[in-house]
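Worksheet for the structure shown next.
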Amino acid sequence: MTTTEKLTRKDFMSDQEVRWCPGCGDYSILAAVQLLLPEINAEKNNTVFISGIGCAARFPYYMNTYGVHSIHGRAPAVASGLAITRPDLDVWVIGGDGDMLSIGGNHLIHALRRNINLVVVMFNNQIYGLTKGQYSPTSELGKVTKSSPFGSADQPFNPISLAIGAEATFVARTHDMDRAHMQYVLKRAYEHQGASFVEIYQNCNVFNDGAFEAITGKENRQDKLLTLKEGEPILFGKDDAYGVALNDLGGLRIVDTAKEGTGQVLIHEEKRSDPSLAFALSRLGIADTEPRPIGIFRDIEREDYGTSLSVQQENVLQKQGKGSLSKLFRSQSTWVVGE
Amino acid sequence: MTTTEKLTRKDFMSDQEVRWCPGCGDYSILAAVQLLLPEINAEKNNTVFISGIGCAARFPYYMNTYGVHSIHGRAPAVASGLAITRPDLDVWVIGGDGDMLSIGGNHLIHALRRNINLVVVMFNNQIYGLTKGQYSPTSELGKVTKSSPFGSADQPFNPISLAIGAEATFVARTHDMDRAHMQYVLKRAYEHQGASFVEIYQNCNVFNDGAFEAITGKENRQDKLLTLKEGEPILFGKDDAYGVALNDLGGLRIVDTAKEGTGQVLIHEEKRSDPSLAFALSRLGIADTEPRPIGIFRDIEREDYGTSLSVQQENVLQKQGKGSLSKLFRSQSTWVVGE
Amino acid sequence: MTVETGKEKINLDSLVIRFAGDSGDGMQVAGDRFTAGSAIFGNDLATFPNYPAEIRAPAGTIAGVSSFQVQIADHDIYTPGDFPTVLVAMNPAALKANIADLPSGGVIICNIDAFDQRSLEKAGYSQNPLEDKSLDKYKLYAVPITSLTLEACKSIGAKPRDAERSKNFFALGLVSWLYDRPYQPTLDFIRARYAKNAQVVEANTLAFNAGRYFGETAEIFESSYTVPASSLPPGEYTNITGNTALSWGLVAAANKALLPMFLGSYPITPASDILHELSKHKAFNVTTFQAEDEIAAVCSALGASFGGAIGVTTTSGPGIDLKSETVGLAVSLELPLVIVDIQRGGPSTGLPTKAEQSDLLHVMFGRHGEAPVPVVAASTPAHCFEAAIEAVRIALAYRTPVYLLSDGYLANGAEPFRIPDENELPAIEVEFATKPNKVLPDGREVFWPYLRDEKTLARPLAVPGTKGLEHRIGGIEKADGSGNISYDPLNHEFMVKTRQAKVDGISESLPDLEVDDPTGADILVLGWGSTYGTIVAAVDNLRQSGYSIARAHLMHLNPFPKNLAEVLSVYDKVLIPEMNSGQLAFLIRSKFLKNVTQLNKMQGIPFKTSEIEAALISMLLTQN
Amino acid sequence: MTVETGKEKINLDSLVIRFAGDSGDGMQVAGDRFTAGSAIFGNDLATFPNYPAEIRAPAGTIAGVSSFQVQIADHDIYTPGDFPTVLVAMNPAALKANIADLPSGGVIICNIDAFDQRSLEKAGYSQNPLEDKSLDKYKLYAVPITSLTLEACKSIGAKPRDAERSKNFFALGLVSWLYDRPYQPTLDFIRARYAKNAQVVEANTLAFNAGRYFGETAEIFESSYTVPASSLPPGEYTNITGNTALSWGLVAAANKALLPMFLGSYPITPASDILHELSKHKAFNVTTFQAEDEIAAVCSALGASFGGAIGVTTTSGPGIDLKSETVGLAVSLELPLVIVDIQRGGPSTGLPTKAEQSDLLHVMFGRHGEAPVPVVAASTPAHCFEAAIEAVRIALAYRTPVYLLSDGYLANGAEPFRIPDENELPAIEVEFATKPNKVLPDGREVFWPYLRDEKTLARPLAVPGTKGLEHRIGGIEKADGSGNISYDPLNHEFMVKTRQAKVDGISESLPDLEVDDPTGADILVLGWGSTYGTIVAAVDNLRQSGYSIARAHLMHLNPFPKNLAEVLSVYDKVLIPEMNSGQLAFLIRSKFLKNVTQLNKMQGIPFKTSEIEAALISMLLTQN
């Protein structure tokens, strides 16, 4: 999808005032997307943003493309119908952690397993923003919120693990403090044929300020963020002081490269058909002692849903020709009543 | 939960005639459960079966216990409310692959992550039985059914992978052709505190006959079924000819024990807190060349939801004492209007 | 229930069933027991046993076929019936020997296990009639009777050869379930008759019950019957069920609108067959999507509509509840969408294989907020075709979700459908926006998605892909015209009223309600949906007896045809028969402040002609 | 309501003050504290918070304006007032958004510091309204609130950005002085609320006092006013919002029934506060469960009810749609369940922070099949307490789901609540089955879950854990008595009718509808829900002008009180004011064939007294 005249960010900005709280991480995601689209030669008229309900879900209003602000949790389902019937469009799905994992969890995992040609971007702020601060399915255990005054008793989902468990073909994570990385990941998601799932750590400075500070904060990144890079050894820390290797039990362990060298360190391969290692990587960073990986966990090829259906239709058309009503009405036995 | 007089299968049989098709795999699951309950000293009055809709979901009618045949897909949600408020009960959730993974997928994964004290048993026949034979979320790609005359385009879920990706604390698989194994797995599920998820391969001899024959058929079991056993090396085949070992990439490989010995063969440990190996095991058997594991993939301890809430309530009661309406009504500032 | 066919009437207040099989198949016993059960049940009846002259003709041949026909009825009858309405055929020979007697639309239940190559040959079939479409005009249930009987008897360790003998009881159990015969007399009979052989008692009982349960599990419907071709208007006909007619109507409408069709659906009885039928028609640019649930089904359809397809979703019972929220979104987005509701017995799971008309008020009001949605209802199986086209027309012309109501009785019932000439079908014109429609004060030309057509109040649709018309829509209240989010109180009131006015205005496009009133009656029977056939028959009967009665049937429930107020004002008394507790009556009373007489049946089964006749006669008698 | 703008008479037996500012300006706190002070002072009062749907719209824009209106009076009042008599405007946008509501002669207190060029532009002013005489018809006090606040806080070394946050307390101090409100409660509040941050306590206290002193010293105000205490019935009072009252009502009801309460809920505006409130009350054996969606919320509540708790679920707008299917299941299972619907503007996402009464027909009819559900509606914030108790009573006594309707206006509005004596509250008796209730022909004693109480038609509840009463229930139609699956047509009809009869029979337990008709009027105003206050005020006003008008308010919408037919028959004309398109009117017309006059407002905001007065006067005039 290329266009002759080069567009700019401005072309992708709608005339609606952006109404997020000042300081909200959503702004930087919006900027990243608005900057990315011209760069990848997306066309305004062929781009559609579909969202559910939530702060994040206000996103489509701010994009000067086609858009639907639908209902809570259902964006992946609405988008599925659109993407299946209109393979010529770029369909983006935007939503929060509540929208996508709480009420919309089922539609998400089904869209992923079906590999519908969508870029699904989940803004994870680990809170319900729009409804003013209840815990979400990604909030940490024990979190005190308006609806959990004594601490939440819910084990959170790990969105990456869940997506991989749901047979997703493209799974990635990035965060709102690093525009370049966001753009890289979103670009890759866009390029992936099929369903791409991108989790973006997003700061809600009103109801859950600093939720990711310990990981994404400028001072913490070096030790706490691990950037996965295709074909490269999985290293992190100052001067790549640490690496990630297999342990004996199918899990991962951290190696001190100074002591152990880099021989054991895993090379990251996004295209492995076996998702086991991608899954293992998604478990990193749950313990405080480990780094949290960002980047592309998995990016495999599998025929996307729309293509499968198109192929079927092609075959049918080839065999049967274009449908004729006249033939259809006579596809069962008929009889004639005379004058 | 023990009772003085020993009950028998008959005590758990209701007076309703069983109405599944003759030959349906559901019969043997019913028998397994009815035989198991007296064995584990379950009490009729403290046992509740909750189901959705489908052939499998008729199950509660046949159990002489408490039961609710609810609505399609919602059994885990109904059961959650019951289990949370009534920790004294044994709450079982029964449903088909459509019930639990299609319409009910979200409730299932949320019940699992929350670790609600339920035994969730999914009868997987890879088809919609009750509605007469449409493909389900576990049907294989390309399956021709009434609703997919040109073959289904849907990548199936792997229920074990999905459950592990959803933070489940107990995940197991068994099949309707092996009563002893079913009973073992169900017993373990029952003993687990928290949410237990059990997938049972079940033959629907009317709409999907022989779906598991290649794995569970008497002649095929030895090579195609791999029975996971706690603390034992993961071996299968005649005379344990093969074993399962790690490959270099976090996935698994099959070793020929005659050639390579058993040194590399993994020892199965259900209690590993890291779910990565359990996940890797769940991917076995997708390729025809590999065996399909049955047994308990994962059984870890994590405080169950009901217990967390009880503890919170205890703390509150200790601090505040039993609630007094009189105090509640005066918890904001008040004023008195005189006569 | 009587389906009218000119002079010929097949009165379905009665049933004629013929059991046919090999002489050794126990057909006489089956027929006899069916009859006995019916007698105990209190039917009038007449039977016609028919068996081979030879003591035992070669098994599997035409000569060896034995049959038993019985007519049962709820009124006096005098014959075992001219032809069967239901044929049970235990093998190919039985089918071949009896099929000629079965009118088109009749029901065949046959034992598919017996249709192997050898048996087919013995019966003289060169091809398998179950597979070669030669039975298309019938309603065929191919059931593996033998193997299911064997399975059922496995538990008692009966030898297959012995167990197989019980298959007549399987068939009897199935038919007993299908036609709601009492079971106990047969179970008692089995116990008494075979008392000396416990295993036979067991086997027959197991087989009989397995047959019943199969009927239940397989969710086979009671069907309606149809008619010899002779007295129909000239034309080419095919025998069609409501669900097929509805599917074809959708295909035809999309075809005439030159639009792709997208069906988002989740299986549910009795709507699933529409999904099955439509999934075959990829050649018509029809895409079917078996969604994860009903919510995703309707959402995906709405997404497809946004993309320029005609989005359709089909369901029943509980499925319709789940779609409410999304239909409300469609009301707000003002996108075309057809929601097909094949009504079944409720509440909750209710009676999933039975018919009811009990969703009318739900589809009218079952959304939060003020969210009006047009409602169209089909009245006969073949009429489902027309009703589907009308629903699509309204959805596209007014950019609105439309409920299309059918029910389990129409869905599975069949009748002759006069095949229309493709060009006879009206074109459906859909205009999409291609350029800006508004000039802003600053001179910029923009696209305003809520700048309406003055006449229809329909908003313009700009399909993604259209250059320069990029816009965003959503479920928050929108400013009139621009469609931007607006919390302005007066704008909200205006939009609420405008959405209502748009739906009300559909009546401008509707023909007047036709009243069939040859004699200037004082009483009107007003119906909607599947009661049509019964009402027509009842009114005809009474007219033949000299009574004067008017009759009208509503296809549009929201909005009503413009002349309905006038029609109602003409008649002193109005009878509204409904298979619910009076939902249309409720609407009519409120809207027209007209007192109407209700006739309600909530049994999951259609009215009998006699019930409607009785209600009318009692109104006639109390008249003045 | 006592402001008569025509004659320029501001009567201080009541005062309506509206605090308006940017969402970040703390207007809700200011309003709330002003209210609390007045409550303690002994005024009757009613409040109306109004804030943007966005969490935080861009600062300084119209979209970002948040306001809080309170009426205080020395007599019974029923509404927060149609128009403010005093408007506090913290910035130009707040002025612009609210000025239209201020009658001429009204008081404006505005923060002149905020009227700089940029802010004026953001608000869309081309000139400064404080300077262009456009406000001449008001009494304008332009106060440099920001700079005075900064000044006041200088002493404690607060950073300007922090200090500025206290400006709402400056405004509050000023207004408290002006209207003679007690200071101490606010000072106490500041100390308690901000206890963790000494600097904030200091700053707010300084700002508040500075505001008071400014009023006193600056002498810009000619005089101060006061509103004497009202004559509420004797008792102890607390100021309560509808959502809090509703929560407490639920807690009280469960407590009186000696049952655990389980709330399954999913957050949604404006219902979330009930979840928040109830989640604090574990000491009352209240369990709250934030479910994954509204379906799981209601399902879990139903599961808890099966286990012997009282299951409750709370929601609004789209959430109510999603619960339909499960409510239908509850109808079939006949289990107690309370579904709280805090109505908001629809359709779809609609106007999420605004109030509407537009779900009435939805809760009546929004389920497939025939599935009757009782409906109870609260009419004032404090009345939510009583309505909640009544909903629980019906649910438990009749083993049925019950809809409890409130709306966004009641939910967030506040009024004095006379604290009941714990023992004054009626006990709710719930009997669970403990032993078999049926002897079978063979002598076995069994438990039949659908063997009903003859009087109430309620079925017996046997809670899991009870020995010997094991049983299974489900959503498929059940045989009368035994509760076993039954496809029998006549049983189905019987069950449909019985479920309806059970709901209808609730009217036996209801008090007659009280009609307030001191003078034997010809016109009745019939209302329901949150229009109560406005209707009472309007009728009072007209009576004071000598008109004769009757008034009644429905708390029970299904079933209606038994005497409603009789009440309606007494009056020639009936006016039904509703914040919807006429949903109660629709029910009344259909049920009683009574023509009624509708007064409908669908603006997301309550009626004004004057609107109801106008409608009544026009009816009176056409009365011949």
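A, B, C and D are the chain letters, set down in written order, and residue numbers restart from 1 in every chain.
Here is the rule we go by: a contact is a pair of C-beta atoms (placed from the backbone, for glycine too) under 8 Å apart; a residue touches a chain by one contact, two chains touch by 3 or more.
Worth saying up front: this structure is predicted, and the values here are computed from it rather than measured.
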The chain pair with the larger count of contacting C-beta pairs, comparing A-D against B-D, is B-D
Note: chain D sits from chain A at a C-alpha centroid distance in Å of 39
Chain A to chain B, mean C-alpha position gap in Å, rounds to 29
Rounded to the nearest Å, the gap between Cα centres of chain B and chain D is 44
Chain B to chain C, mean C-alpha position gap in Å, rounds to 38
Shared-interface residues of chain D (touching two or more other chains) are 63, 282, 292-293, 318, 325, 329, 333, 348-349, 474-476
Each of the following residues of chain B touches two or more other chains, namely 53, 69, 71, 102-103, 105-106, 110, 137, 150, 154, 309, 312, 316
Among line, ring, star, complete and other, the chain contact graph is complete
The residues of chain B that touch chain A in their complex are 102-103, 105-106, 109-110, 113-115, 137, 150-151, 153-158, 161-167, 246, 248-252, 266, 269, 272, 274-277, 279-280, 283, 302, 305, 308-309, 312, 315-316
In their shared complex, chain C is touched by residues of chain D numbered 52-53, 63, 317-318, 320-322, 324-325, 328-329, 331-333, 341, 343, 345-352, 354, 356, 358-359, 361-362, 364-371, 474-477, 487, 489-490, 492-493, 496-497, 499-500, 580-581, 586-587, 589-590, 593, 595, 601-605
The chain D residues in contact with chain A across the complex are 54-59, 61, 63-64, 266-269, 272, 275-276, 279-280, 282, 288, 290, 292-294, 318, 348-349
Within their complex, chain C touches chain B through residues 144, 147-154, 206, 209-210, 213-214, 216-219, 266-269, 272, 275-276, 279-280, 282, 288, 290, 292-294, 318, 348-349
Contacts from chain A onto chain D in the complex sit at residues 17-22, 53, 55, 58, 69, 71-73, 102-103, 105, 128-132, 134-135, 137, 146-150, 152, 154, 206
